[in-house]
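Below: a set of structures, written as structure tokens.
Same chain, two partners: chain A is paired with chain B first, then with chain C.
== the complex of A and B ==
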């Protein structure tokens, strides 16, 4: 049960940081998301993101920061085995599902749905 | 009009966003999306053979699927108008960016429209994620080789 509370608090906090970057930092959404992804990658370089996942579960895996984390994580895991080459070969090892899901579902959506043409 | 005058007027005219309210909305919706993600994680851990370490992958895929449905029905934009970063920062926002670009450019054809525009909005996330992960992993690997840090 506590996992749900921590997921809510940590996930909400990461989104609040994103909102601050957009409002106070005057960043566009694309800049905000890129910043968060880079932050996730750097945090994993210091080994700080995994403890956050242990603590908050989906609160840490669902925000986009986890994308940067899993990219770095895959690269480091392969680098540990194969040295420098692993940095490139392992990059997408962990994060494949997010990208493939986005491509597959995006394509399916384009087959099924029609553009609404306007934003209400 | 001088440039400084223009800047003063611009600052007066630009409405100040309600910082506190926006942050609270983002916190609330973002937190709720993560709670749903946590529920999906538990589902995969109980009914399928996933552990806490591996459950992130199917969870993310499922959440992107949900955001595809919401985007296709036109509901995600409304959520975004209310929640701001609360709906953009979770991976649902990434899914929404891909799916909405795919739907929007469908009229231009499947190859030139859907294929080449799908990552129009989400591409920057992938590019900067990959480049930063490459730099971080490279630095760390070199440092380990030099014996400065350990894995």
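== the complex of A and C ==
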């Protein structure tokens, strides 16, 4: 039960930071996205993101910050095996499934749907 | 600085066409065409906007029982790069054409020029107005709608709409142009493209003030002063600026804004409607019809425009704005 509560709180807190970046910081959606990815990557560099995932589960893995975490994670893991080249190859090893899924589902959605000026 | 028309060019007919979301407008009953497809059965948004323009112009001609060969000039503009929807629509209309860009103030600047051509004797009948299409304009100035970007509460909703008027020589039973004020370009250093009302309010204030001063009039000499697309926030700002000049509340109540009223109190549309088609559709359907029913005897229409480009605000430039006004009366 506590897992759900912590997932809700941590996930919500990350999204709230994103909303504040847009509303108060006046960042564009693309800037906000990149900022959160970089923040996740840096946190993992200091070894802080994995404890957050252990604590909040999906609350930390679903938001885009976990993509940054995966980038750093893959790079560090491969670097241990293959040195500097591993940083380049490893970066997309863990994240490849996410990137491929985004491309494939984006393509399918673009085939089926036509954009509309829909109100919120 | 204020143009006073000597021959009283008349607004002989008007028509407005809108898209499906605009069926939710409080002015819906005055619109001539309410389409159920925002692309008007065309493949792209820009092609849809072209169809929106030609359909509206055809409706104006049908109302006046004329053909395109009877029209001397077509004066029009839109918000898309190089104004291709309007230029391509002009290809189909096949009349002498001047493309005009004053952003959303084109709805009035086009009619002012039509009035001047009529006064000069160069034009017997001219079609003037403006249009906008939601998806095409959002992509041009902000984000493609497919992107699903959030908008703040100060943002306005670009309408899918077109409004055109037929301008000709004076006839006793039609509303006519008395005077016009061409706006200066005014910049109060607003940089947020999601806060156009705030950027445009000072331009509207300047034009209204100059028009009244030169014509030696008060706001209460009019049945209504209607700005174009200031939205709910911009309208409040204009009223506040006029109130600082000592204009009283009962006079301020005569000031209305087409964009602020367009979608009523529907919060889904944030601070109200905007776009060149917003003021054009309301002016050349609702306002003209109120003249014909005798409700209005004299109104001041003040269309505002934000003269930015996507590149200019990405480079950190502020948003310069303008407002053009035309005084319309009927005997």
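Operating definition for what follows: the second predicted complex is superposed on the first by the 116 of 120 C-alpha atoms of A that agree within 3 Å, B and C clash if a C-alpha of one lies under 4 Å from a C-alpha of the other, contacts with A are read in each partner's own complex, and residues count from 1 in each chain.
By our rule, a residue touches a chain if its C-beta (ideal position, glycine included) is under 8 Å from a C-beta of that chain, and two chains touch if they have at least 3 such contacts.
Just so you know, these numbers come straight off a predicted model, no measurement behind them.
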| item | value |
| --- | --- |
| Which superposed partner A:71 touches (first chain B, second chain C, both, neither) | first |
| Partner chain(s) touched by A:87 [first = chain B, second = chain C, both, neither] | first |
| Which partner, chain B or chain C, touches more chain A residues | B |
| Touching partner for A:22 - first (chain B), second (chain C), both, neither | both |
| Touched partner set for A:37, first chain B, second chain C, both or neither | first |
| Which superposed partner A:99 touches (first chain B, second chain C, both, neither) | first |
| Which superposed partner A:48 touches (first chain B, second chain C, both, neither) | neither |
| Chain B and chain C footprints on chain A, overlapping residues | 22-23, 29, 115-116, 119-120 |
| Contacting residues of chain C [partner chain A, same complex] | 19, 21, 38, 134-135, 138, 143-147, 149-150, 152, 157, 160, 192, 266, 268-269 |
| Chain B - residues contacting chain A, complex | 17, 19, 22-35, 37-41, 52, 55-61, 63-65, 68, 71-74, 77-78, 83-86, 88-95, 98-99, 101-107, 110, 114, 118, 121-122, 124-126, 128-130, 132-134, 136-142, 145, 151 |
| Chain A residues within the chain B interface of the complex | 3-4, 7-16, 18-24, 29-30, 32-34, 36-38, 40-42, 44-45, 53-54, 56-59, 61-64, 66-68, 70-72, 75-76, 79-80, 83-84, 86-88, 91, 94, 96-103, 105-110, 112-116, 119-120 |
| Touch list for chain A against partner chain C, complex | 22-23, 26, 28-29, 115-120 |
